[in-house]
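Down below is the structure, laid out as structure tokens.
Per-chain numbering from 1; labels A, B and C assigned in written order.
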């Protein structure tokens, strides 16, 4: 059974999310609603894209994903529905949906014409009705008119240097543990590697090994003394989303320190991956 | 289908909310439970009233709203159920329910006599059972005895000056974006306006225009350079709850700054609306 | 109907929790999923044990409790399912489940062999499938092999002195209000009391009375002036979980101050209970 998911930068204190849920349940009392995240940093589309991209495909097919970031305050002011990979996405035409699913995966894109008004609160007045229409099996075509020219971000992943010797990346997300998620993806590294070794550079730090995943690191922790010795060690590894990530082994933000604080990094800080030819 | 909503100042870390949900689901496995907010500032009844007032009416008719703020530590110690506008509200007799629905809208008020005990945790031991009783279609009359003399707040909205030249208001809520919500309502301003212009004063700031809603402001943002020029601008407007609100265009708390931090305002700070006769 | 509960230290911003929920709903669209807490301090097993211990028994019988703390990074690397008190618990073999239910209450313990792989994300790849298998009525035996030698914490409750004159305890949890929860339990105090009076010592503070519960304190607040006089008073009492707790009457963290800040205490700080013979 399809699910309606919600992702916003509204936070959990205010009444906005409850209003949207109440409206959906009034329209369809058996709707299943799941929060993806409401703690997206205010107005931060890249962060929202990273979070939704990594969560949506776990939901049942035909699930409907409402993304409420910058929905009202948007030059152009269009709102869209996109069908991609057998999921539906509802958001403002501000680049978030192409960033989530990839332009080439978009099967249908509709500019919303139904349930529109001049409300400040488009997630409540428009998105909740559109989502319920789809949940009830209503057709996309009734909701608006097909559109092609969606707003789209510039390239969001790491950029290969002209001489193909490195990938210039940056931190795009910092998780609850203060781990640094970069926009350098394993698939891109492998496509460019050509048998070379890799090295990670950030500020004045150099990391010579990238673990395939965090388990590959934790497997070398055989006992309690190895565990203690590893505490605070910086680790480069691919995370479960396939991105290069810099973590501190059992680092705790505000206590022992996290990658964010110990390495002095923030969203947008540079992380570069060098390819090293063995000679 | 009716829903049980929960609003408390318990936060999301502790086990209290899960206990209440578990109890309700044990009593009625098909109960639909929705969180309105658990991030109400500790003991802050006005904040809770503002949040629930703006959310409850979106839920299906006959929904049951549990409000757990100061439920145990209350002089008098009474707990009540109120039926208003075809919704049910369960809370301590501490003024919160009249503040949510308005005294004149209360159809029935019951002092709870069923499921009472001396537990510290009245939301778990009493409110969850009362709510499930109502959800299962049980009658109000079985839960206690009718009561009239409910505890009631003093006036909570902005006060008109004797010469009708201004409304004295204050900040009653600060949302996740640091926007300042006042207790001056659009309905009261319009009722008093008599064709005069309006002006907003807070600390040493004067704002000469009140936008009907935030969209009326964002509609003047036609392109990216207008967007950049507007960043950080202070805006007076009516919010989706009908209250006068002071916002900073795309202000981010902790980064570019919010209305709260940039204007040096907090809960309780004065905001006055002046009526100006054109001469 | 059984429920699947989730408790982790993942926080609510990241995509991890939504992934797990989406996976469970894909496997069983009618699964009822309830969050216990995702705000457990990173890697803090004691905190997680306290929270789950106080919440799980409110859920319907045969509910399935997933605890995702240190699930991947664990020497030994075993994952287990335990049946206790007609509930199921799924976690790493890191001591958390015995700490929740007590070793003597464990009816069955299974080392998970099904749905295992080398993923970094065991809550998604293994725990969600195991939980759905159990929710669907599948047998424990199919999921792995019985095991006895579970990892177990050292004693976690307050320790009686050799001369039985006091219980040495510590702060194990600080709730949203900054109240200090100790590992000294009422049942242990009563078992050792032998008619003696009790006294609580923490840092340079001495508290001569322990209220049976917080209501016993609030009942002495008869009117508004008594309420004002009591503001900020430190209170020793047993909390709803049966633990000795130090609270500040209506203390607000960051404003009027909480027990944590006013008394300068933190997780691990000593709290001792003295037995005083009347002479």
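The rule is simple: contacts are C-beta pairs under 8 Å (C-beta built on N, C-alpha and C of every residue); 3 or more make two chains touch, one makes a residue touch a chain.
This one's a predicted model, so the numbers in the text were calculated from it and none came from an experiment.
If touching chains are joined by edges, the resulting network of the protein chains shown connects every chain directly with every other. The two copies, chain A and chain C, are related by a rotation of 120°, based on C-alpha atoms and rounded to the nearest 5. Averaging Cα coordinates per chain places chain B and chain C 32 Å apart.
Within chain C, the positions touching two or more other chains are listed as 12. Looking at the complex, you find that chain B touches chain C at residues 9-15, 18-23, 25-26, 29-30, 41-43, 72-75, 77, 118-121, 124. Listing the residues of chain B that touch chain A in their complex gives 1, 3, 5, 12, 32, 34-40, 50-52, 54-60, 63, 175-177, 213-215, 218-219, 221-224, 226-227, 239-241, 249-250, 252-253.
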